[in-house]
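Should a chain be cited, it is by its letter among A, B, C, D and E, assigned in written order, with residues numbered from 1 in that chain.
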Amino acid sequence: MIATGDLFPSEPKRGRVATFVRRHPTIVAGGGILLLMVLIAVLAQWIATINPDKIAPIKRNREPTAEFWFGTDMLGRDLFSRVVYGARVSLLVGFAVAVCATVLGLLTGLAAGAYRKLDMVIMRLMDGLMSVPPILLAIALMAAVGGSVFNVILAISIAEFPRMSRLVRGLVLSIREQAYIDGAIASGSSMPKIIVKHILPNTLGPVMVQATYICSAAMITEAALSFIGAGTPPSIPSWGGIMNEGRMLWQIKPYIILFPAVFLSLTVLAVNLLGDGLRDALDPRAASRI
Amino acid sequence: GAASAESILRIKPSGDVKALDPMLGSDSMARNYGYMVYDTLFALDADLKIQPQMVEKWATSSDGKIYTFTLRDGLKFSDGAPITAKDVISSLKRWSVNDSLGQQMMTNGATFVEVDNRTFTLSLSKPWGLVLDALGKAGAPVPFIMPARVADATPPTTPVTDYTGSGPFMFLAKEWVPGAKLAFVRNPNYTPRAEPASGLAGGKTAKMDRVEWVIIPDQQTALDALGKGEIDINEDLSADLIPLAKETKGVTVAKQDDIGVAQQIRLNTIKPPFNNVKIREALLYAVNGDDFLAAVISDPSLGKACKSFYTCSSPYHTEAGFPSPDLETAKKMVAESGYDGTPAVLLDATENANIHAFVTVADQLLQEIGIKTKVEAMDWATVTSRRASKEPVDAGGWSIFISGPGGLDFLEPVGHLGLRSNCEKAWFGWPCDADIEAMRASFADLTNLDERKALAEKIQLRALQTVPYIPIATQYQIRTYRNDLSGLLTPPAPVYWNVERK
Amino acid sequence: MTNETPVLELRNLQKHYFLRPDFWGRPTATVHAMDDVSLALKRGETLSIVGESGCGKSTLGKTIVRLQDPTSGEFLLNGERADRLQGAALKAFRARVQIIFQDPFSSLNPRMSVRETLAEPLVNFGLAASRADIDAKIASLLDMVGLPRDAANRYPHQFSGGQRQRIAIARALAPSPDVIVCDEAVSALDVSVKAQIVNLLGDIQKETGLALIFISHDLAIVEHLTHRVAVMYLGHVVEEGARREIFGTAAHPYTRALISAAPNPTVEEKKPRILLKGDVPSPLAPPSGCRFHTRCAFATDRCRAEVPRLRPVGGDHSVACHYDFNRDGVLVQHAH
Amino acid sequence: MLTFVCRRLLSTIPVMLFIALFVFSLLYLAPGDPAALIAGDQASQTEIDAIRVTLGLDQPFYIRFVGWLGHALRGDLGISIFSQLPVTTLIGQRLEPTLSLMLLTVIISVCIAVPMGVLAAANQGRWIDRAVMAIAVFGFSVPVFVVGYLLSWVFAIRLNLLPVQGYTPLAEGFAPFLANLILPAIALSCVYIALIARITRTSMIDVLSQDYIRTARAKGLGQGPVLFIHALKNASVPIVTVIGIGIALLIGGAVVTETVFAIPGVGRLVVDAILRRDYPVIQGVVLLFSVAYVLINLAIDLLYTVLDPRVRY
Amino acid sequence: MPILNVSELRTHFRGERGPVRAVENVSFTLESGETLAIVGESGSGKSVTSLSIMRLLAGGRARSSGRIEFLGRDILSLGEGEMRQIRGNEIGMIFQEPMTSLNPVLTIGRQIAETLILHQHLSRAQARARAIEMLRLVDIPAAEQRIDEYPHQLSGGMRQRVMIAMALACEPKLLIADEPTTALDVTIQAQVLELMADLQKRTGTAIILITHDLGVVADVADRVIVMYAGRTVEEATTKDLFRRPLHPYTRGLLATIAKLGSSLDDNAPSRLTEIPGQVPSLHEFIPGCAFASRCPHATVLCRHTAPGFEAVEPGHKVACHHVERRLQA
């Protein structure tokens, strides 16, 4: 007489992989594409058959064919090879900026959040840096220090890290309010130790998510910088650079822009998806929602 | 309905005018601006012959040391004030400071004397054959005539801020948006000559009420704007867009002028590796202008790799002594030159597609003939300061930069920018050769064309030994414009009088 | 009772929070969170602090474990001044006075395993010589709080609320302190678990002679486990005494109202509730005189003007009220 | 409140000083010589040097900085090395296009992104949410110039509906003004829409799980009032914050957009100035940007008090 | 006719690790003017039961079965539009946290008036006047001024009174109060409970009072339902339940709870009675009695067969296989 049975059909049992895929489709998709891009970048030498820097003026501006899959540019260089090698610059810039900005952001953010006295100074400096639009800062830096991949990374990192710093500081301030920090103080931990053992690990979730956004923003900024001619030197193939070189021919030879644009968009998309996925996966509230 | 509305000509110029003062330096955009706003004493006609412009008549003393000029009657500045000999003298003095011909004129002891309102004399300490060439020169800086109050008050190193002019158009300072827009209206106080317009000479009749220069940074956007009639003229179309331009309805694609620009590889002759003349010579063998042109243009009519230090259209053009491209010889020469392996630093102004392409080709070429290279990417602004450095290449110096100055400065030996070999005073790269300098100086004294041609050839032969720079090719600038325009002139500087809408 | 020195003694302890800095950064508002509190705690004894939300209970707790510095006044641990300690001395002090918080969810670092959490005080206070020593000590701590030994390798989210509170207790016990402050340590727990934890604390106290400061607003639980009670109202201690005195013969009108308002799970006949009117005033602008006068049915002009001092009213019992009341809460006489 | 505003404004002075010094030293370190650019390609070193002296570019760093600072404090941002026009004039000319572009972008973005985010949040986990988020992420991923080119190709060239370039001041009529601005604003909106839609969604999801939303539902309110009256206002603080932060990004995007669509705005002014080393202009624009940033953020902080009665300064 | 008749209500959630059986077979009836208390520990399904009645559980993730008859209508089969007519109009609801249950950015006046405009179709002015009246009714001093204030400007007790005013604005037949006083201080709690009892006397509204505080139950409820792990284990009049608890869990619960006055007969602190063990996870399907794992009297039968929820005396229902034994004892 008592009704039993579940109101929801019981879910089919899945393997761990299948469960992960079902729960975090964005992480899987984003991670997958990103992995592919990393592979392309790492294996560029073997994937690209033609030297990307080899100019051949007679073969300039060819449409995509079996020989030149993505066609050639105005110097007759093979676009496919350049796009493949371009993955290196974009990914390098993306990852390196993410790492630099994260490290800088963590250092300053933790210091500001943990030590009241530093807070004012650091945050004013960050305000200052933030009030200059990243792209302008980057253009100015590039003008000052010259175009090289390293300088692009430096410029974008300087422009991006204040945001990370603010995020970390905010996290630190809220984590400091947690009772376990008081518990750690009562357990005799010193402030540096608390920062390292208690605060830092608990900022990592949001920081990682923010890092992915910085990574994607950096790739876009790199492209924009290259696009206005203030980015990586054009001798190094980068997606933004290829687009910049091809932008004039956009209406006659749209593929010159389109191929690198698709690669860039895919990569940025992948990193963004990964970030969104991570955010959902790491959100403690998501976890407590069962 | 031309009668009803104001007629406007909208032009996308080849670049922005950096400083609104055509006498300040050799910026060609400033010169183009100058032709809109100012007039000159003499000017080149369509056949590159010098014709009087503001001058009504002139005479030379028998010893060739005193010139007397009389201005046309009724000349007025745009503010209505009459143009006097005093204005002319002040303008010429200001001009001569920054112009190499002007400087030569001054070293020949030039002094100006005002005779009356319309007449003045120019006396020289010794005869000098280039007086009219100097006063009628079209390469920047051009001796434009401005009010004496402006010319006297503004040092030749500072841009003027009073834009009162003597030319067919008036500049509207109020509407000026630097970097974006310049507007001109017809100068009501200008009296054109009676002759028909020819080149930079003749009757400069402003047939449009208003001319606007609209700066559009993106080439593609500019061409689209032309196609849609948002602008009427698009100067300096990128060669790669020519096929698209040809497909665009209602648009004509044509050469801007027949002189073109002198694309060249400028070498730092005082620091290794190119202080070694053997290596420079090897480069003469290595460089094939056609290969370079192929990197930027598909249409062979848009450039010419004439093997000469003089531009292809120059009367002195000669290929005498010029080697044919031969990579093997070049390699051999480098091998024998005692090259110590110092890498050549190439300055790559990446925002300029042409320069970047040439640098890329040159880089590959140098490597092929066995010279180590290092390409440094930068913007043009950095190039302009970097090339002034006389440091060794590994201490912020340089070895090569690519430049394409207007061909006007490469027509004849005296005004020749590239051949100047007066050491420190020479153009960047500082070639140093007394022989060339002596021959250039004596060139001015010759008046006979054949003698001049012979001397020009001798200078070239000598230059092939000293190799002050490597000429690549003459490249023509392309102008596209709406089909409904007529009367477009093709002098070495783009000018917009005489243009009207059909 | 003997005359031994109290483990912990508070003398006129005061804590103000300064808020809303003006243009020059000077505070424009002061929260009088704890004013002039004097209390003493003996070894093996439980002192409960009761009172309504915001009356300064947690402020007191945090101050005596030196999570914050008092504004004025002093407190002594085993007869020695502890309110101004710094550096090594402060660290040594921390080992003697521990704290357990209300929320078992936020009081443990979610990223640290139970072992790491428990090892932290052991390492910091230099109480373990080696890894093996740490493991042994952790095992015995887990035994003490009734958790399985394999709990050491798990993380907080793998435990229920009651179990987490046991971990927190184990952490507090790790340096074998003299005093543990329990700030609402059982308030967030379910009834059936609450009993388990209260009993556990009692057992440990019996075993180790630990002194407890038990902060709570649950009067029934307090009455069950405590030796002495201090009643706070708006930062002041209004009444203090052995639990029998407080729950049997409360002298302060506020204490009486508090006890009568506490819901009692019984359907047998109860005394009528004393209903207080109005709300607790803001500690930003505490009322003059007796801070309770705005809600007190007996308030007089004197109450509005003069701050009553804690005065003994027989035995182990003091009250801060100008007046005396009989058993039924009727005003009997002028006292002072 | 007034105290708060004063404090905020005063505390920005060191920020500005820092920025000014930072940019100034950056420029000082930068190679490139405006004198050489003025003098033109063929000029000799002596001519260039002469120009440099008249422009005062030969003076040491600190003298130039202090001089600039002294003038700047008096509201005089100096004179452009090239055009010889006051920097304030130059900026003034360019302000309207840039402000209009940004304003239109913000309006378009907010009008599209907020409903998008609300919709996604209200349907969290369903396909509609996924679709909205996919669009948003995509907006992030495509560089603004690619969008710009595509838009202008489709609407200006193929369909011949709108001009491809240029700017018409508002004074010359709203229709031509809008015609010139709509494409660049849409191109620029992409990133911004993505940004706002994302934060709207997150913030709304947060708010929708709050107790007072349950209260509103328990009162019998329908989906619309619950989302737009009860939830959105609560979710607005982070949204507004992001809109503010986004304006800094917008300025960056504007630089590129202004180039593609040939809009004479501040972005192009500063890029040109950087490429030419027109120091006073760069300094002036950077100062303008930091002032704008500070004011925008101040405005947003003040807006908080309107949006959330709990916030008081 | 009873106002509310809930029979065999079951509500499950879709969880990542399979279904969460939050409510399993809850049945009760409620007469008008009556106060029914639902007690149980945290997670026992009290709130889910009330939210199921209001149909306020997020669609898609939650499903209910059984029957909820409100004034003869089956709530579970009503359309969303009809349901909205009931919410706030015929059934009012008060939530636990007065701090978070009021919208912080809207004035309290607006929040009260909103219901009136929606359901009673009053004009703004009328609704405002009525809102002021309601505030007076719940003893908020200076109601005219307070009405334009925001929730954060009120104390916790006042906020809860505003919640009550809001819930009662349309004079609902049924008021569901989910832990209305838990977050309040004892002295304030007493005020609020007094107020609710007072209002009920005046309006005759039936009340479902959800709480885990047996002290509150003893003070205000007519009848009590005890829930454990989503199931009802005992239902009785308040007096019956406290005097003669029949289910082992109820007994345990009553024994566990500290009662005031213990110090009067015993001088030293005393141990409280414990119920050993933990509440079972709602993820597991429990075939037998949910309390079996912690019950000292549990038998094999208890572990395998769920006991029915049956009346063992008039008005006293228990879900236990061994209740007879206890009745005899």
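Of note:
To be clear about the criterion, contacts are C-beta pairs under 8 Å (C-beta built on N, C-alpha and C of every residue); 3 or more make two chains touch, one makes a residue touch a chain.
Bear in mind that the values here come from a model prediction, so they are computed numbers and not experimental data.
Both chain B and chain D are touched by A.
By number of C-beta pairs in contact, A-D leads when D-E and A-D are compared.
With centres taken as mean Cα positions, chain C sits 90 Å from chain B. The geometric centre of chain C is 53 Å away from that of chain D, both derived from CA atoms. Chain C and chain E have centres, each the mean of its CA atoms, that are 31 Å apart.
Chain A and chain C, compared by their mean Cα positions, are separated by 49 Å. In chain C, no residue touches two or more other chains.
In chain E, no position touches at least two other chains.
Annotation for chain D: residues 30-32, 149, 157, 259, 275, 277 touch two or more other chains.
For chain C in complex with chain A, the residues that touch the partner chain are 62, 65, 67, 91, 94-95, 97-99, 101-103, 106-112, 120-121, 124-125, 157, 168, 171-172, 174-175. Listed in rising order, the residues of chain D touching chain B in the complex are 30-34, 36-48, 50-51, 53-55, 80, 82-85, 90, 93-94, 149, 152, 156-157, 160, 163-166, 259-262, 264, 268-269, 272, 275-277. Residue ranges of chain D in contact with chain E, taken from their complex: 125-126, 210-212, 214-222, 225, 229-230, 233-234, 307-310. Contact residues of chain B toward chain A in the complex are 218-220, 224, 238, 240-241, 243-244, 291, 294-296, 298, 348, 350-351, 353, 356-357, 360-361, 363-364, 375-379, 381-382. Within the complex, the chain C residues that touch chain E are 46, 52-53, 160, 162, 190-196, 198-199, 202, 217-221, 223-227, 243-244, 247-248, 257-259, 261-267, 273, 275-276, 279-280.
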